[in-house]
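Take a look at the structures below.
Two complexes, one shared chain (chain A), two partners (chain B, chain C).
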Partner chain A sequence: MKPVAMDSLAPATESFRSRSGISGYLACFNGIVWREVLRFVHQRERFLSALVRPLVWLFIFAAGFRQVLGVSIIEPYETYVLYEVFVTPGLIGMILLFNAMQSSLSMVYDRETGAMRTLLISPFPRWFLLISKLIGSGAVSLLQAYVFLLIAYFWEIEPPPLGYLTVMPALFLSSLMLGALALFISSIIKQLENFAGVMNFVIFPMFFASSALYPLWRIKEASPLLYEICRINPFTHAVELIRFALYVKLDLGSLAAVLGYTVVFLAAAIYAYNPSKGLLGRRGPPGGAA
Partner chain B sequence: MNAASHDHPAARALSIADVSHAFGERRALADVSLEVPAGSFTVLLGLNGAGKSTLFALITRLYDNVSGQIRVCGHDVRRAPSAALRQMGVVFQSRALDADLSLLQNLAYHAALHGFGFAAGRARAMALLDIVGLSDKARERVRALSGGQARRVEIARALLHDPRCLLLDEATVGLDIGAREGIIALVRDLVARRGLGVLWATHLIDEIAPSDRIVLLHKGRVLYSGGHDGLLSETGATTIRDAFTAMTGAADAKPGGAPA
Partner chain C sequence: MRPKHLLLSGVFLLSAATADAYTVFVSNEKDNTVSVLDSSTMEVTKTIKVGQRPRGITLAKNGEWLLICASDDNTVQVFDARTHQFIKNLPSGPDPELFILHPTGNPLYIANEDDNIVTVVDIDKGSVVTEIPVGVEPEGMGVSPDGTILVNTSETTNMAHFIETKSNRTIDHVLVDARPRYAEFTPDGAQVWVSSEIGGTVSVIDVKTRKPLGKVTFQINGVNADAIQPVGVRITKDGKRAFVALGPANRVAVVDVPSMKVERYLLVGQRVWQLAFTPDEKQLFTTNGTSNDVSVIDVEKLRVVKSVKVGRYPWGVVIAPF
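After this line comes the complex of A and B, so read on.
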């Protein structure tokens, strides 16, 4: 090893005070978002698999169902639409849902490997760190959703041009809500192996018991109980928010629901990651070591 | 540093008083008290399962210390976590680097977590990589590093924000002899040149030097805290290994001497 010359390292020129001010918060936020994007760029397989999943549904499942499942004129559509058109917001929601859970998986992995500790021992408030991480993850989801919309455009899914802009806040908010839920779930998963349970008990029920694949009125006809479950499912509201926004309309009920769920999930996640209140310190020593 | 100056809170890089912690019914730490003066290399010696990592999790606020007090450079980790965390650099037992990112990206990320702007963070990262002898690998992915090199990156990262207290939890586990010696020499040099207070948790007795302070942790209790020679004279042993065996053996033999 090279002889150590610690004298060559000047003390930090940026004082504690300046680093804990607004510029410090901004630097911290930028760093967290930048890392999320970098990780995503380095994991091309993740990007591809996130895209392939909804595309398979769009190209194969939706094409097959077009013949058996007609969609009547329902808001926000002003005419009869092809099943592919109807299902597109649900598939965008699928991208956000899987990305959020993938992010949750990476947090469990980070916790097992110790990388999560790097984040949590930052001197900035934990709520700020967690929200920054959620926003970073949301930025990645946004990128994936737009690539999917671009491909879908060539499959004759052509929302109004302005819809591509108005859908952005809906995508972002939905991504935050699902990310906050995933963050909370990551705090209660003890080991990475338990993530398969999340797939079965969270992702699939959320996706199928929603308006992603079929309109709610059809579900109501089939089963009033399932209809009620769909109505309280946060994912339903995310899909509807995206569906309306993509057609330059606002579904106030869904917006309120998504906002409310975001606040609740975020509060639960921040609570769970707060050492003085949350769950982490009660479960056992880090990495199984004492 | 004279004895009087040790009494000043700022002269103690780390001060732990009467800290206990339990996971449900299982008690992991019982009334642990220890001090790490600035400019000292303090070895936290204990077998696997002694409670070292739990203590680290409490110091770094990953867990909440509900009983007792932990102060870093005079700052209570519970009441002033931000000020305390700014003063400490940590190397955890398990590797905590992002394998897919480069060395520079890992350090720049950590710099950002401490509020350094992009340029300042990268400049400090490069300076520290130079110090630990890895500046030529700055743009390589962490995945390509050896265990010893990864540890040096983690030490560089722990120093990035200019802490006064450095905590290292089993930092040499899994390293070959050459890498181990290099890491220990680097940290001892930090103590000598920069006056850092270092808490070095290990179960490897041969890492202890005669000038070190020793805290012997066994089944969640501190059995001894003091100088190297004091441990020998207290047990009448001639080696630290014998002293350790004598002291932990006596504690195990005592009914109720250690938490379950």
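After this line comes the complex of A and C, so read on.
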């Protein structure tokens, strides 16, 4: 089906939207968010793997890297912290990153199976559908992050109680940013098999060239160029925003960066998914058979 | 541009403000100064210039006098703890390192590292009462709560010397592990805990029989055994918990006194040596020599709350009841 054909439905969708009003939007929003949540809850393996991945890093990797922090006190911490404590916000970032990629790349899967058609013929504007989708995957990310924090608590990673509340907006905003980026990427990818490519070219570079595993001053000592790369990496800002929020502090620089990146990625994704202008229309259906 | 960090909530400030505020004094060995901190805000409020190489630090006259071992000046300096004005020098014998005040408030027992003696000084008269010969390189000083027994440890002889305060004579010597640094009595006066820096243990000695009751040993994942060097020891008033500073292991061990077993290790700054409780025992301050800071431990929650920069090589710490 050519997406362009939908433009001819414009008058009909307009009247549907005006008839259904806010409740229609709400029903659509609920449907998309619930689909995300249900899909996640029903995939037990995904839930488990989403948890096991950061826990392996926490229990095994972090244990061997205790010396990496040296003897400096790094903001927002007020005293010396064990590496496990330092790496926790980075691992939460990892959860959000993987979930965002998985959720948005499921768009590719949806396209292959035809589930996307249901979404595409919806009378609601494309941007609304995409943002609803992001909020849905953000909710799933939040769920995963809190379960991880709960387990980490018993590993003596004990942020102030209020931190569990203040970290929520940081988690959500970071999820939106990473989700929007992933949505944009998903519009470029034709087949799900390319997920390995995304791992290699997006997830790993973003994760390793960030402040998730080591403080930036350490990276600066090793390579000033790498330090600059880390500083423009959106993932670094997401991790720092989460790190500060977990200790009831606000890192304004990171907040501004995450907000800025979110707007840019979202605009790019909406553009890419726009049937008349975007990459989707230009590229044709999956498999390349236009 | 450096991002500006804001405190989202005043909850911590409020909770800090409700705790009683005490004055914390930290001697900075390399700077020849004493840092004054407020225990509730955990910030340095003033820095006092003192004699050369200040190490041992304590209070006398119900906290009104601040006494400092100015090791390289071969004297003990007396300051007004409230106004921080210099009052007088006390005779100390050469190279005073650590001292302890008799529970009645006088005399003062000073360990003279170079001369292998303990000097007994009357702080009111400013005169030496007597000198007690002990082992080589005396350092640790502990006095029993009833004031009858003084324990001095000698770093090279590896002994805890038991001294009767009435006669100022040694009555017994107990061999402990290498390089004993500190002696602390349990509040009931039944035991004395002696830390051995090189031995890496704390020996628990029965005060009556002068027989070893056991040893506290330490093991920290990821920390070399050589780096575990116990120095300062503090025991809570209820006699249930001991805190042991483990030097370059950068940890304070929390020890259950009855079982002599370590409950937990708390990460603090580098080369932690001496410890002091606030009078309400809610906080414990540690001096971290090579990271030039003090760490503050929440005693109830057993958590390190904050580390605060002071002068170079912070050595001793004492906290006034005001």
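By definition in this document, the second predicted complex is superposed on the first by the 261 of 290 C-alpha atoms of A that agree within 3 Å, B and C clash if a C-alpha of one lies under 4 Å from a C-alpha of the other, contacts with A are read in each partner's own complex, and residues count from 1 in each chain.
Just so it is clear, a contact is a pair of C-beta atoms (placed from the backbone, for glycine too) under 8 Å apart; a residue touches a chain by one contact, two chains touch by 3 or more.
Not measured: the values here are computed from a predicted model.
Colleague: Just to be sure I read the superposition right, which of the two partners does A:Glu75 touch: chain B = first, chain C = second, or both, or neither?
Modeller: Only chain C; A:Glu75 stays clear of chain B.
Colleague: By residue count, is chain A touched more by chain B or by chain C?
Modeller: Comparing chain B with chain C, the partner touching more chain A residues is B.
Colleague: Using the touch definition from the top, say if A:Val248 reaches chain B (first), chain C (second), both or neither.
Modeller: second
Colleague: Per the contact definition in the header, classify A:Arg231: touching chain B only (first), chain C only (second), both, or neither.
Modeller: neither
Colleague: Once the shared chain is lined up, is A:Ile32 touching chain B (first), chain C (second), both, or neither of them?
Modeller: Only chain B; A:Ile32 stays clear of chain C.
Colleague: By the touch definition at the top of the document, which applies to A:Glu158: first (chain B), second (chain C), both, or neither?
Modeller: second
Colleague: Tell me which partner A:Pro125 touches in the superposition: chain B (first), chain C (second), both or neither.
Modeller: After superposition on chain A, A:Pro125 lies in contact with chain B alone.
Colleague: Looking at the overlay, what does A:Ala63 touch: chain B (first), chain C (second), both, or neither?
Modeller: A:Ala63 sits against chain C, while chain B stays out of touch.
Colleague: Which parts of chain A are touched by chain B and by chain C alike?
Modeller: Of chain A, no residue contacts chain B in one complex and chain C in the other.
Colleague: In the complex of these two chains, what residues of chain B are touching chain A?
Modeller: Residues 23-24, 28, 48-54, 57, 60-64, 66, 78, 81-83, 85-86, 88, 90, 92-98, 100-101, 105, 108-118, 120-121, 124, 127-128, 130-133, 152, 157, 159, 161-162, 182, 185-186, 189-190, 193-194 of chain B touch chain A in their complex.
Colleague: Can you list the residues on chain A that touch chain C in the complex?
Modeller: 63, 66-67, 71, 73, 75-76, 78-82, 158, 160, 162, 166, 244, 248-254
Colleague: Using the touch rule from the top, collect the residues of chain A that touch chain B in their complex.
Modeller: 1-2, 4-14, 16, 18-20, 23-25, 27-28, 30-32, 34-35, 38-39, 42-43, 112-115, 117-125, 129, 275-277, 280-287, 289-290
Colleague: Give the list of chain C residues in touch with chain A in this complex.
Modeller: These residues of chain C touch chain A: 1-9, 11-12, 221-222, 250, 267-270, 291, 295-296, 303-307.
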